[in-house]
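For reference, the structures are reproduced in the following blocks.
The following pair of complexes shares a single chain, subunit A, combined with subunit B in the former and subunit C in the latter.
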Partner chain A sequence: MRSMNKKVIVPYIFLLPALFLWYFLSLYPIIISFYYSFFEWDGFPGHTPVFVGLANYIDSVHDIFFISALQNTFIWAFFCVVVAVGAAIVLGAAINFKVVGHKFIRVALFLPWMIPVSSSCFIWRYIIYSPGGLLDTFLKTLGLDYLKRGWLSEMDIAIYMMIVVALWVGTGIQVLILSSAMGNVSPELYDSAKVDGANLIQRFANITLPLISSAIMMSISLVLCGALTMFTYPYLLSAGATAVRAQFLTLALLVYQQSFLNFKIGKGFATAWLMILLEVGLAYYYIRRVTER
Partner chain B sequence: MSEPKKVDRRKFIYAGLGAVALIAIGAAAYVAMNPPVVTQTTTVPTTSVATTTSVTTTTVPTTSVVTTTVPTTSVMTTTVMGPTKVNIVTYHGGFWGVYGTEEQRFDFNAILHKKYPNIDVSVLHLDTSIFTGTLNSMFASGAPPDVFMMWGGKKLQPYVEKDQCTDLTPLYERYGWLNLIPKYMVDEYRNIAGKPGIWGICEVYRWEHETYNADIFEKYNVKPPKTYKEWVDMCETLVANKVSPYVGYGSAYGQERLFSRAVEKCFNDKGETYGWDKLTATRGYKREIPFTDDAVIKALYMLKEWWDKKYIHPGFFGFGWDDEQKAMFNAEAAIIIEGIWEPGYLEVNKFPYKYGTFFFPSNDDPSRVRWETYAEGYSVVKGANLEAVGKVFDVWLSDEVQTLVAQKSKEFVLPNPKALDPNLIPKAVWDMKLVLDKGQPTRQVCHTAFTEEFTVVLRTYVAGVMQGKISPEKAAEALENEATKQMGPIK
Partner chain C sequence: MKEDFLRKIVGFILIIFSIIYLIPVFYAINLSLKSMNELYTNPFGLPSQIEWENYPEVWRNSGLDSAFCNSLIVATATIILTLTVCSLAAYSFSTFQFKGRRAIFLSFIIGLALPWPAFLFAIFSIMRSLNLINNLISVILMHTALNIPFSILVLTGFFATIPKDYIDAARIDGASELTILLKVFLPLTIPIMVTVATLVFSNSWNEFMFALVLLQRREVRTIPVALLDVQMQYQVKTNYLMAASVIATIIPLIIFTLFYRRIVEGLTVGLKG
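Our next item is the complex of A and B:
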């Protein structure tokens, strides 16, 4: 009996430090943010939060930047999922099927992922900074001056340039996931299909893709989660610039703006919870659809 | 089922003891780096009037609140301090916030130590575009600095309103700053948010103007404009010669500055009399005129026209302080939209061209110049060591330091009048001062007249209009709605 208790209890003792960290860094902030989303609070010490019910949620939805933040968040989600996962499938196949240059592709994809995100953003600012950044200089050298744009300052294109940077950094891990999944597909299946006369594309579409569908699902979920809570890239690449911020403001950046620039932490929490509801809703819908299939 | 692997008890205990030892070493290191301050207190009485509120509860379960006003003695304590560090957070600007060359700096701490050996100043300076967010995060996390740099007016207002600042009247009285610092500079930090008291120490008084590259002007035979038509002609000539007329700090204040100029011009066209309180851009925010006024809409159209005609450098919206200066030093642009500090900055950083200054001609009467003023200074966080802060600023406001600041950084209109010396200040700046002495400034320039919350909206919509993303009418309507939401309807 004592030995049984020990077997049950000891693992939890080892888990305690991690649970402790998870509680204070994750669970507690989640609970407290929900609680304070019903309060008007400026975040300054000594100020008592005032209960306002759902006012913060209503205020958040009516925020002058809410719609553009929502639109931008969906743009991030769409392009990240389509391009990152799509590219990961193609590049994963290239690595897995050992096409010419597959080793170079592997290094080229994984290297950006190993650089800290802030360093990547810093480097990319030098590249796409306009006028006079590396990209502009490169275009000028090729005689393509007319293609030069305000890559981070023009409202039409700033968000897409940021997505490019995020994809450059984040595609590697998706390739890793999918190429590993492809590696687990039994070669005999391909051999049988070859014998049956299937060409490369047919083998890929009818064998590889169905068998790695759970990995694709996981990849889409990861990318979607990251895109819906996108903060780092817009914030670092814009270097805090507020003038054109509305054009690449995401919900997460809006949370920051409301909380720390506008002294409305309660409202910021409300926006954060609206963001969570959106993600949960999308995730539920996605999982239901996939499970049904 | 296989047997679970046995945990070596001895190793487990050693690991636990090792972890405890590490924690103990860390705690000891922390205490060593942050020694307790030994204080003795003596009181230096000053007097002020305070309102006291007493709450009485009686046996009948009601609570009555009695407010009485009694004269009390508020005390500033003097302490004998151990080593003390005063933490200052600044944005880009001012003595501690300058990103300039080493020549502009001098060892302030060395001068401070001569008088107060136990006090040091530690400075964190942040780019203006991230300053407010970072500062507010520090407050929210419970670790604010002791002193923070802040513009007067609406920018400081939220911090005073939210009771995060200390009334510095005791310091002013103790060190005699009321007799040193000119009244108009003290008044910039007086009675903020309707709260009596002095809520900051003005470091420098600013005004807005244009600084131009005189070599470029000479090359293309262009003169500083005195009328708006001359200004347009100047811009057209420069554009034709592939030089951007204007460059600015578009990622932060550039929008407000351009907006302010255009609005001023359009209201002058309507025949508005130019005067002390007639800064029309901020009158919108003060709810005296609506943002949907046709002159404001016309100004927004004007801004779009300036952008379409390439009067503004193409990198404007993404430019930070360093970028606009670089564009100026590389002669990519002829005029920089900064203010009174710019000539000093150019001199200290050895601008390779001749330069001059002029005021934006928002009206066609050269004798009536348009200029806006605002103050930059330092406020003290509630709970900071006021004694130590007082000593730091006692040295900072001294003749020795202020003269050095004027000499090295060419800053102008410093709080110590001894620094207002034509021998120390660039001639172009002194000449402007002589012009301004004849006229009257408008007060409260755009970017200190608005709260940060409104500023972000204003910048976004002005940028949106200039880039053709939103019509001026819609932008004006959005600004009016936001101003109503934040500041109430038109009075």
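Our next item is the complex of A and C:
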């Protein structure tokens, strides 16, 4: 009898350290942020939070920066998904087609991912933004001077510059993921299609794409997930300025600004929960995917 | 034969594209070896005289050396902690049937989609109440949390492929579960452990947000945030900033060269789902 009891407990004992760390560092912050989103609080331990109901949420939606942050976040998510995953499908296909130098190509595209993000952002800031930087000089040599803009200062162009940097860093890993998914497709399928006279494009569209559709979905959700909560690139590309400028604002950065710079903790949490709503759909997707197995 | 021709043409185009893709890297290395003057007089050509001194200068005078040590400590501790708790958990998920197994597993996996910036202040205030602000432990804990979901996913997937016979044989011999994990599983799973360790390392070495908020004193900063200090200190002396950026990339680059194959494999195993 005693050994029976022991057997029942053993699996939980093995789980205990991970469970403790994980729930303490994820679930607990989730609860805290939800609870205090209904309070007005400046974040100092000695000051008592005051219950204000839904006021923070209303305040948060009416924040002058909320709409532009939301807009930037969506632009960011849209372009990151379309370009990174689209490019990864094309480049992954080329790599799997075993084009000349395919190993080099894969490594070269992946390399930026290993560089610390702050380094990448500083390098790109210098390229884009310095007077006489690489980008402006390049345009000048081509005689395209008139295209010159305040790349990181003008509202409508800054977000796209940040997207370029994020794509430069992140596309390689999507290429890796999709090219290895394509590599797992069994070669016999291609051979028999070849015998039937299917050309390259037909083989790709009718065999490869359907078989890697779940890997593509995985890739899309990974990129979306990062893009919807983007913090690091906008923070670093605005040079770590203490005042975050509107052209760089994403929802995550707005949350940071409200809680760490304006000391409006409740409002920051309310904005955070509005951001979380965007992510809930994604979480649902992961759960369904894992349950399918 | 038509396809062979296509392979050459497309390959050639993509090789050119890859080299263009890496221009920012060459550009940064080139800048890091120039004198302040040459940044303006000769911004794109190779340096007329290579200024190796830029490197020792930033290493010694901008706190990069201590940041480098801090980053190494954080990354190493994160790897050890993550691998320990996650392999214990993965062993449980892959070898036992128990009540709530699926629900608990999902509660870890959902973390892949967790919007961490939303909880930044909550985490900050938890760490503050534990007196862990400006203590590397806070960042080690957070980096571990960040890496738990995918580590458990990858390790559980891999552990499940180990034949049940091995476990049964060991159990009949009277081995305890912990002995089985250490003596039977560990030797068989070293490749995947290395893969996970590599990914955890680069996640931790590059992590910016938590390091920014939780480590506010200069002496405890890790590399990604210390680079901000370097920028503040040298302002327009971009040659120094680039030298610092290159130094920050050295360790990830070594890891990348040594374990590239493992990283590719790990992503395939982990994300195949």
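Please note the rule applied: the second predicted complex is superposed on the first by the 249 of 293 C-alpha atoms of A that agree within 3 Å, B and C clash if a C-alpha of one lies under 4 Å from a C-alpha of the other, contacts with A are read in each partner's own complex, and residues count from 1 in each chain.
We take it that contacts are C-beta pairs under 8 Å (C-beta built on N, C-alpha and C of every residue); 3 or more make two chains touch, one makes a residue touch a chain.
All values derive from a computational prediction rather than experimental measurement.
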In the superposition, subunit B vs subunit C on subunit A residues touched: C
First, second, both or neither for A:197, with subunit B first and subunit C second: neither
Partner chain in contact with A:155 - subunit B first, subunit C second, else both or neither: first
Which superposed partner A:187 touches (first subunit B, second subunit C, both, neither): neither
Touched partner set for A:130, first subunit B, second subunit C, both or neither: both
Which of subunit B and subunit C A:260 touches, first, second, both or neither: both
Touched partner set for A:276, first subunit B, second subunit C, both or neither: second
Subunit B versus subunit C as contact partner of A:231, first or second or both or neither: second
Partner chain(s) touched by A:47 [first = subunit B, second = subunit C, both, neither]: first
Subunit B versus subunit C as contact partner of A:64, first or second or both or neither: first
Overlapping contact positions on subunit A, where the subunit C interface meets the subunit B interface: 10, 43, 45, 130, 132, 239-240, 256, 259-260, 265
Residues of subunit A touching subunit B in the complex: 7, 10, 42-47, 64-65, 129-132, 150, 152-156, 238-247, 256-257, 259-263, 265
Residues of subunit C defined as touching subunit A within the complex: 3, 6-8, 10-12, 14-15, 17-19, 21-25, 27-28, 31, 40, 43-44, 81, 84-86, 88-89, 91-93, 96, 98, 101-102, 104-126, 128-129, 141-142, 144-145, 148, 152, 177, 181, 202, 205-206, 208-209, 212-213, 223-225, 227-228, 231, 238, 241-242, 244-246, 248-249, 252-253, 255-256, 260, 263-264, 267-268, 271-273
Partner subunit C, residues of subunit A touching it in the complex: 8, 10-12, 14-15, 17-19, 21-23, 25-26, 28-30, 32-33, 36, 43, 45, 91, 94, 97-102, 104-105, 107-109, 111-120, 122-124, 126-127, 130, 132, 134, 137, 168, 173, 176-177, 180-181, 183-184, 200, 214-215, 218, 221-222, 225, 228-229, 231-232, 235-236, 239-240, 252-253, 255-256, 259-260, 265, 268-269, 272-273, 275-276, 278-279, 282-283, 285-287, 289-291, 293
Touching residues on subunit B, where the partner in the complex is subunit A: 4, 7, 127, 129-130, 132-133, 136-137, 139-140, 142, 158, 162-164, 250-252, 254-255, 314-320, 332, 452-453, 455-457, 459-460, 462-464, 467, 469, 478, 481-482
